[in-house]
Every structure is written in C-alpha cells, then in structure tokens.
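Each of the two complexes below includes subunit A, the first together with subunit B, the second together with subunit C.
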Partner chain A sequence: MILPIGPVHPGLKEPLRLKLHTRGERVLSAEIDYGYVHRGIEKIMEGKTWQKAVYLSERVCGICSYIHSQTFIETFEKIAGDEAPLRAQFLRVIANELDRIQSHLLANSTYFSIIEHETLFMYMLSLREMIMDAIELLAGNRVHMAWNVVGGVRQDAKEVHLKSILDILDKFESQYSKYPQMFEHGPLLGLRSKDVGFISKEDSIKARTVGPIARASSVPTDLRTDHPTYRDHLDFNVIWRDEGDNFARTMNRFDEIPESIKLIRQCIENLPEGKFRKKIDIPAGYADRRNEAPRGEVAYMIETNGNLIKNISIRTPSIMNIDACARYMFKDVATVADAVATYASVDPCIACAERVTIVDEEANKTHEIRGIHNIKTIEL
Partner chain B sequence: MSSVIWYLYEFARKGWAEKFAGAATDKEIVEAPDRFRDFPEVIRELCIACGACTAACPSPSAIRLVRTKDKDMEEGEGITYPVINTDACIRCGFCAEVCPTDPKTLRTGENHLIREEFTILPAEKMFVIDDYLCIRCKKCMKACKVEGAILEEDNKIMIDQSKCIACGECAKTCPVKGAIKGIYISNVEGQKDVINLVIHYLEDLIEARQDELKGLPPEQVIKFEVPFDDVLERAEGMLPEEEHIRDMVEKVTDRLKLRIITWDDSKCNSCRLCVDECPSGAITYDKEKGVTRDSKKCLRCTTCYQTCPFGVAGSYVARFLLTSTELQDDKILVTVKPALLPFRG
Partner chain C sequence: MLDSLKDIIRKSSIHVCLVNTGSCNGCDIEVVALLSPRYDLEQYGIYFNNNPREADVILVTGPVAEQWKENLLRVYSKVPNPKIVVAIGACPLSGHIYNQEGSKIYPPLREFIPVDAEIPGCPPRPAEILQAILAVGPDAIAAKGRQKP
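So, the complex of A and B:
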C-alpha cells in the first residue's frame, strides 16, 4: 500500500509529500515529491543590483537565513579580491554561531514533537527563545537579521550588546546541560531513537549527505575548518559520531551547541578593535563560495558585471539530505511512526531546497527534479 | 466547604481584584530592543522627493512617492513624501540607510544612524558633467536636491559621485543639450560597440558620396538627411535592454562632429611622403599594391592631407544634428564641408 503523508500535514513543518510504500505497518521504501513552495528566488535576483539582492538572499531559507547572506557577501568579497576587517569577521562568527544554536534547537524540538515527547519539545523551544533574544538584541530582528553588508557588518556591536550576550549564554548554559543527558539516558527515548533510520558510512558518502547527518555516520566533514576566520583565529572541535541513526543525529546536534557557545565566547574575548565596515568596489567577475550552514554545505555561484547580478545559482544542503533519507534510511523501517521520525531527524528545510529545475537547452525541455525517484530518468 | 471559604477569601482580596481589573502584559516582554527594525517611520516635512528610497528598495512595490495638493490653492505644489506599503515591505531598513536628507525622512531601528560614507545607492546611471559644453550657469547646483553633490572647483562644475543619488534632476534643468550626461554603468563593452557601429555607419554614408565632395568649392556645404530609425535598426539587439540602445544612439548622433578623410588612389604617384608622416601606421606601402590606407587604424589627424602634394587625401568636417518633431519621424541632419586647412597641392 502507498501511504501518502503531506504536503499539508500537522506532523510536517513545511510542505512536502512523502509516499511510503508499506506492507502492513512495515515501511519498505519511500518516494518524495518536491515543488509545493517553489519561488524562483534566483530569477528574481538576476538583473537586480547586488546591494538589493543581499536582503533577498536571506529569504532563501526561513530558519538558517543568516548563513545565506554571509555566503552571498563573501562571494562578492571574493570577486573584489578583498576581505572584511577582522572585527567584522569576528562579529559575523558570533551571529553565525547564534543562528546555528537556534537552528539546532529547533531541529531537535521538531524531532521530539514527532516522536511525541512534548516535554523536551517545550524545553527546546523555551531554550531557543533566549538565543532569539540575543540575536534580536545584536542585529535588530529575530530571523532575518539584515546584518551583513559587503565589506563588513551593518552596525557595530557595542559593549552593552556583548555583555548581555555573555549573560544570556551563562543563563543558557546553566539550564542546557541537563537536556542532552535526559535524551541520552532516557529509556523510552532510546527505544524510539536508537537503531532507527540507520545509514552507513558508505551509503552516506554515496548519497553526498552533508552537515550533522554526514557527521553522525562517521564522515567528519565540517566546512568551518576551511573558513579563513575559523581556521586562523579560532579553536573548535568537529563533533562526529559513528552510530548513524536518529539518536546519533540528534545527539550530534546537541553536542555541537556547546562548541558554538565556546566559539562565541572566544570571539567576544578576543574581539579586535578597529573598523567594522569598509568600502569595497565590486569589479565584473565570477566567483563561487562554500560555507557550513546549520544543515550542511551551502554554495553560491555568482556572476556579476560590477553593478547588476548577471547569473546566480545557489546550492542548499537539504536537497542531498532529504534524498539520502528517502533512498537509504527508509529501508525496511519497522513502523510508519518511525519513518516520519527519521524524516524529521534529517532536519529537512523545504523552503531552501526548492529552487531547482534543470533546463536542457538542446532538446528545449525543462526537467523538474522530484527527489531520487526521477533523477535517474533525467538524461543530460 | 473549606475550599469554598478559600475561594471567597481569594475573591475578597483587594490585590487580586485590582489585578483582574487592570490586567496588562509585563512591559519588559513587549518592549522592542533599540535595533528592532519595524516598518519605516516617515516624517513627511523633511522629504525632498529625490526617489532614493524607491530606487533602493529590494521589494518591487513597497515604497511609493505620493504628492498632495495644497488645500487652499488649486495650483499649489503640495508636499511629496514616501508611503510604505506594509504588505510588501520586507523590513530590511535599506531605505532609511540611503535617504540623503539630514535629519533623515525615513527612520527604522538604528539604520538611519548609519554614516554617509556607506550609503551606497544602487543606480543604473552615473551622471557626469561635460566640461567642454558646460556654460557654468549653475542651474544644476540649484536644482540638485542633495546638498554638496554638485560642487565648483577651479572654475569647473563637478558632480561628487559619493553623494550623488542619480535622480537625474540636473540633466533635466541643464539648458545646454548634452552638457550633463547620464551614463549607464552596466554593459560598458556593449555600449562601446554601439558607439563604434553608429559612427562607422555614418562615416560610410559620407564616404559613399566622394564624387560630390571632390568638386565642392570651399565655403560651400552638402546637406542631407538620414532617418533615425535606419541607424537604430543596426544597433538592435546589441544591449539587453531596448530603451538603453535608443538612449545611447540618440546621445551619439546628436551634436556629433566627425572628421572625414577621403582617399583617391588614381592621383597617387607613390612618393611615400604620407607613409613616413602617419603617426598611427595606418598608411602602408607595398610594392605590388602601392600606398594603401587602413581606415580602422586611422586617427583622422589630417596629417596626410596636409603632407600630400597631389591631393590624394581629402579632409572634410561633418556635423550631425538630431531633429525630433511630432509630425514626422526623427531625422539626423548631416552637413559636410571641406576642412579649411593649409593645403600644399
């Protein structure tokens, strides 16, 4: 029997159709349908001046919006062959890590709500609220920060802001440490999470998973190690696990949060004095840039003529993760409830995934990618 | 029974009743932080109607400039001010950043406090003053809405590009046609191609009339007309936007002055004086072909015309004027006359 879940479903955060092939309660395989929130944001950006498109790039994703504007800006700085002042780079790290904490907490809260553990779900969201307050204090708004500009950040962080962020982090840490323990040692949570939705290292590499999903199945990849600011000035560990199941993915996110807090503290302690913004002239050119978003690798490829954006292409992490989930994780899952929980554990972000169409110029055809089930039929 | 008494006691407590009557949320929860960007606040009186906010807005229909009429007078100018459409506004605060007035018309969060050197306005055009045509009437300085954007230095009027908001008001008021030029920033290579194509086409037209020009006595001119659409057709498709092409071709053909060099091979005696004189190497000598001139390399300096003892090279000056009337199609008036330069032959 084919059991459809979604696109409009109380269990899913965002519109996407899961077609589960079931025999009795057992899920044998799955198909995934995209295309319910396609917005064509790249097409809107083309032909606009780059100053405007900075604010549009944030609208690619509703949860991890910050990293999109940062990658967009860093691509332009790469085209100009220049980089932002060191103070601005540190401030960017602070905002980026705050964004990562809130995104991980939201992802875990969704997972807990799907496995019907409402207590932890509520705890996660109340913890997230503190971080959202810190973001609002620093950048102005809670989700779309509009904090990055080419050549630095828009407004300087004053002593007051940094102090109150440190206070919030102290309060956060004092409350935080018990929740991962609750999840790690809870017997019922363990039953629902351990050995469910398993993906091996080989399959994970084959499916090109990125971010916490790859790191939970012993692929220790983190693009922050290649980022110049993180590499040269900051010290952090790449968290990875080897179980490869729902438990590992959730725990991996839990363990990354203290690392992010550590990074923010380092940044605030060593924050260099000086300019936070400088003027950068943009010449015509092309560049690409990758960064580690909360969900994995995000890549921007931009061609500009110095004023307008000629061509832009964005690659977001969710598309690989969701396809890996459909192909490798939904193999002989015991129950439908476990299948939905597995889907929630890969932290799918449909809003940023749905921008892809493949245009075949010779045959004058357009192919919509609808997940793993039709990607093989597209001949390029 | 005891619980009933407890409830009665609770109801009777004064503090509880007061709390119930004056229920309100804690102020600390509702208060937005300093940097919170709400929809921009507009102070109508300060607006100078420059349109910088509408040009900067990433959302297509979020800001609109509105002009009101004075109530007392029918023909009063009224005031102009931006109106924010809250359905379309994405609250990025970019409009408050680029607003050139002091103090700012638009305010949101702390964005209106961002300093002037960073207010980068995205614009299609860049305005420059042609010093050769400028008559220094200073009308543009009065028309300019931003203080200090047009300045006078060493008896020259100049535009400060860091302050200019590219509204184009100066170009409208300028009494001399073409003295203030709006240049498109994008597609510079494509614009060069359009200019070259138009000029080569016009030159070819004049060189085709060599026979008429040869017999022309000094102080007499040849006049003819070229339809504007003929020129425009040739440039079609060279730039992505149709309007830009039309604008470019209009600017190139209007008030254009060209030097025309004609070449008459039959008169040449292969003395090769011009080959040595030519500064750009456009004239070459070959044993089989004789003396040849490459018009693409030629600078139109007229050195060959002044050197040649036999009158092989002819020099003429052509002037172009674009006329636009409502009754008929646009035409380019061309006037060609011999150059009055010393001539040995």
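So, the complex of A and C:
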C-alpha cells in the first residue's frame, strides 16, 4: 500500500510529500514529491544588478543562509580575479563556522525530536541559542547575517565582541562534550539509530551525496580543504565515518562541531590587522565557485556583463541528499517511524531544493527555464 | 457559565501548526527556536504539534507559492473551529524580496484565508513571534468560540 506523508505533517517542518510504498509496517521504497516552495529565485536574479542579488542570495535558504551569500560574493571576486583582504577572509570563516555549528545542532535536534527523544532535543536547542548569541554579537542579526559584500565584509568585528564570542565558546565547550556521549552510549538511542537507513559507499557515490551524509558513508569529501583561506592559513580535520546509517550521520555532525570551534579559535587568535573591505571592480565574465555548506556542496555559476547578472545557476546540496534518501536509504526499512527518522537524518532543506522543468508530454520535449525570458512567454 | 468555563479551557491549551508556503526557512527556524528552553513556548500553555487537524492557531510563513493557491484553503478548512491565523515574516504580507518579475508567488496571504495577526520582519525575532501569539491567541480564540455559527 502507498502511505502518503505530508506536505503538512507532524513529522516534517517543511512541505514535501513522501510516498512510502509499504507492506505491513515495512517500507519497501519511496517517492518524493517536490514543488511546494518553488519561488523562482534564479529567475528573479537574472537581469538584476548584482548588488541587489546579494540580498536575494541570502534568502535562498534560511538555515545555511550565510554560505549562500559568501559563495555568491566569492564568485564575483573570482570574475574580477581578486580576493578580499585577509582580515575579511578570516572574519568570513568565523561567521561560516558559527553558522555551521547552529545548523548541525538544529539538524540533530530535528532528528531527536522525530525519534521522540525530547531530552536531547531540548539540550540541542538550548546549546543552539548560545551560538545564535555569538552570531548576533558578530553580525547583528540572528538568521540572515548580511555579512558579506564584494571585497570584504560589511563591518569590522570589535575586539570586545570577539572576546565575548570566545567566552561563549568556552561555555559551550564545557557543556557540549556530554551530549555526543549520551547519544553514542545510550542503548535505546542506539537501537533506534544503528543499522537504520543504511547507504553503502558505492551507492553513496552513485547518488552523488555530499556533506555529512557522504562523509558518514566513508566518502571523505570536504570542500573546505580546497578553499584558499582554509587551505593556506587554517588547520582542521575532515571528520568521516564508515557505518553509513542514521547513527553515523548524526555522530558525524556531532563530531564536526568541535572542529568548527577549533577553526573559530584559530581565526580569532591569528586575526590579521588591516583593512576589512576593499574596492573591487567587476568586469564582464563568467565564473563558478563551490563551497562547503553545512549540508554539503553549494555551487554558484554566474555570468555577468559587469553590472547585470546575465545568467545564474545555483546547485544546492539537499537535492542530491534527499534523492539518495528516497532511492537507497528507504530500501527495506523496518517501520514507517524509522523511515521518517531516516528522512530527518539526511538533514533535508527543501527551501533551496526546488527547480522547475516544463515537460510537454505530447511533443515529448522538456523546456528548462534558462536565460533572460519570462516564464509566461515560453511557447509550448 | 458554560461559556466562561470553555473560555478558560480554550485559553490555557493552544495547539499550533506551522504551514510553510514557500518561505526560505528563516522564519521557520525562529519558530523552532521558540521551543528551546530559553523561550519555552509550553510554559504559556502553547503546544507545537504541526498537525492541522488538532490545531487552534496556524502560523503561516512564506509568500504563497503556486502549489499553495488551492491547498491553503484546504489546510485552513481542516482546522477545527475556533481558529486563528498568524502570518509570520514579511513574505505573507507583501511577498518581500520575492515579489518581483519572474517569480511564481501570489502574495498577500490575506487574499486566500482570513488573517488575524501579522508579524513583519525578515525574520522576526522569536520574542516578537511569542508576543504576537500571546497577544492575539488566547483572547481571540475565546471570543471566536463564543460566536454562534
């Protein structure tokens, strides 16, 4: 039988329809219906000046909003063949890692709420509020930081604020270490998570999974190792595991948080003096840029004439991870409750995953929406 | 007598359902932050269960996307009476940044379902959302419950 879940459902925070094919309680396979939050951001951006689109790029996704604006800005810096000052690059790393910590905590809290472990859910959200305070100290906003501009960051970080962030991190670390242990050694949590929603390394590569989902099934890919600031100035380990189940994905996110804290400490301690913003002229050109978002790889491909955006394509991590979840992880899950928990463990973020392709069934043609034209003017 | 007794019960147990109609998740995670021990929605007798059939308050985020044009009214009609709708963020009010040429959204929200409270902001802070729900929620539900159909 087919069991539909969603789009508005107690298990899901975002609208998406899961169609689970079940025999009894056992889930055999699944389909996923997207399309509930499509807004057409790429379409809006085309033909706008890039200064306007910076604001819009932050609103592609609310949870990992910071990395979207950073990748957008870095693409333009790549078109100009220039880089932001080193101080700005370090400040960007601080903001990026704070954002990663809060996103990982949120993802784990959602997973715990779905496996009905209310205690850890509350602990995760309580820890997250500390990091939100740190973000607010740095950028002035909680969610959309508006921290990047072409050629640097919007404002310099004050010494007092950086010190407060270090204090918050000290407090955070003193509380943090017991929660991964609670999850790792809790017998009931282990029963609910271990060997559930398994994806092998081969399937993981075939499905192009990215981020913590790929790293949890022994594909140690982390684009931060290719980023110039991380590669040349900072020292961190890529966390990866080989179990490939819900437990591994959650533990992988838990283990990445101390690495992020290590990176923030390195940045604040070695923060170079100098300018935090410089003038960069944008010529006409094309560039692409990839960065590691909390959920995996995010890529921007932008063509500009120096003023207006001619063409833009955004590749976000969630779409690969959710499809891998539907195709490989939902194979033979014991119960429907486990299937929903598996879905939550891939950290789905639907807001950035919506794309449109118009399919003409009679002519057997597909129209992809590309280039500068209005969606209403496409001739079918 | 019966009405005032019902008022007390209606005011002290409010169930909330979150409907995302194309938001960027920014407002949604601020609603989730309300559950955290710092804001603690449940101390006010408000419970977050995300099921329209059990809800008293629907929190709507996002500009109304294509799929929600008809479905929004269906979700609204499944919520039992008395019910109120709170629109969170700038998107349900005006479409905010997405309301430009080329987008596929249909704001404002109040053209589709009756809206009782609107909270502007991109996104509003959790304290503001909590304040709005508390200011409009219990009294409005009690007043709507007294209305004869």
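We take it that the second predicted complex is superposed on the first by the 355 of 380 C-alpha atoms of A that agree within 3 Å, B and C clash if a C-alpha of one lies under 4 Å from a C-alpha of the other, contacts with A are read in each partner's own complex, and residues count from 1 in each chain.
Simple rule for what comes next: a residue touches a chain if its C-beta (ideal position, glycine included) is under 8 Å from a C-beta of that chain, and two chains touch if they have at least 3 such contacts.
On a predicted model such as this, the values are computed, not experimentally measured, just so you know.
> Pick one for A:349: touches subunit B only (first), subunit C only (second), both, or neither.
The second partner, subunit C, only.
> Name the chain, either subunit B or subunit C, that contacts more residues of subunit A.
If we count touched residues of subunit A for both partners, the winner is C.
> After superposition on the shared chain, which partner residues are touched by A:15: those of subunit B (first), subunit C (second), both, or neither?
second
> Just to be sure I read the superposition right, which of the two partners does A:46 touch: subunit B = first, subunit C = second, or both, or neither?
Second partner only, subunit C.
> Once the structures are superposed on A, label A:96 by its partner contacts, choosing first (subunit B), second (subunit C), both or neither.
neither
> Between subunit B and subunit C, whom does A:106 touch in the aligned arrangement: first, second, both, or neither?
A:106: touches subunit C, not subunit B.
> Kindly classify A:143 by the partners it touches after superposition: subunit B alone (first), subunit C alone (second), both, or neither?
second
> Is A:307 touching the first partner subunit B, the second partner subunit C, both, or neither of them?
First partner only.
> Go through the superposed model and pick first if A:37 touches only subunit B, second if only subunit C, both, or neither.
Second partner only, subunit C.
> Let me test your reading of the model: by the given contact rule, A:125 touches which partner, first (subunit B), second (subunit C), both or neither?
Second partner only.
> Which parts of subunit A are in contact with subunit B and also with subunit C?
Residues common to the subunit A contacts of subunit C and of subunit B are 48, 55-56, 59, 144, listed in rising order.
> Spell out the part of subunit A that touches subunit C in their complex, as residue ranges.
Going by the criterion above, the answer is residues 7-15, 35-41, 43-44, 46-48, 55-56, 59-63, 65, 106, 109, 122, 125-126, 128-129, 132, 142-144, 349, 351, 356, 374-375.
> Name, in rising order, each residue of subunit B that touches subunit A in their complex.
Listed in rising order, the residues are 33, 35-37, 56-58, 90-94, 109-111, 114, 117-118, 120-124, 185-187.
> Flag every residue of subunit C that touches subunit A in the complex, lowest number first.
Touch list, subunit C to subunit A: 17-30, 32-33, 35-38, 49-52, 62-63, 65-68, 71, 75, 97-98, 100-105, 122-123, 125.
> What part of subunit A is in contact with subunit B in the complex they form?
It comes out as residues 48-53, 55-56, 59, 136-141, 144, 146, 149, 154-155, 277, 279, 305-308.
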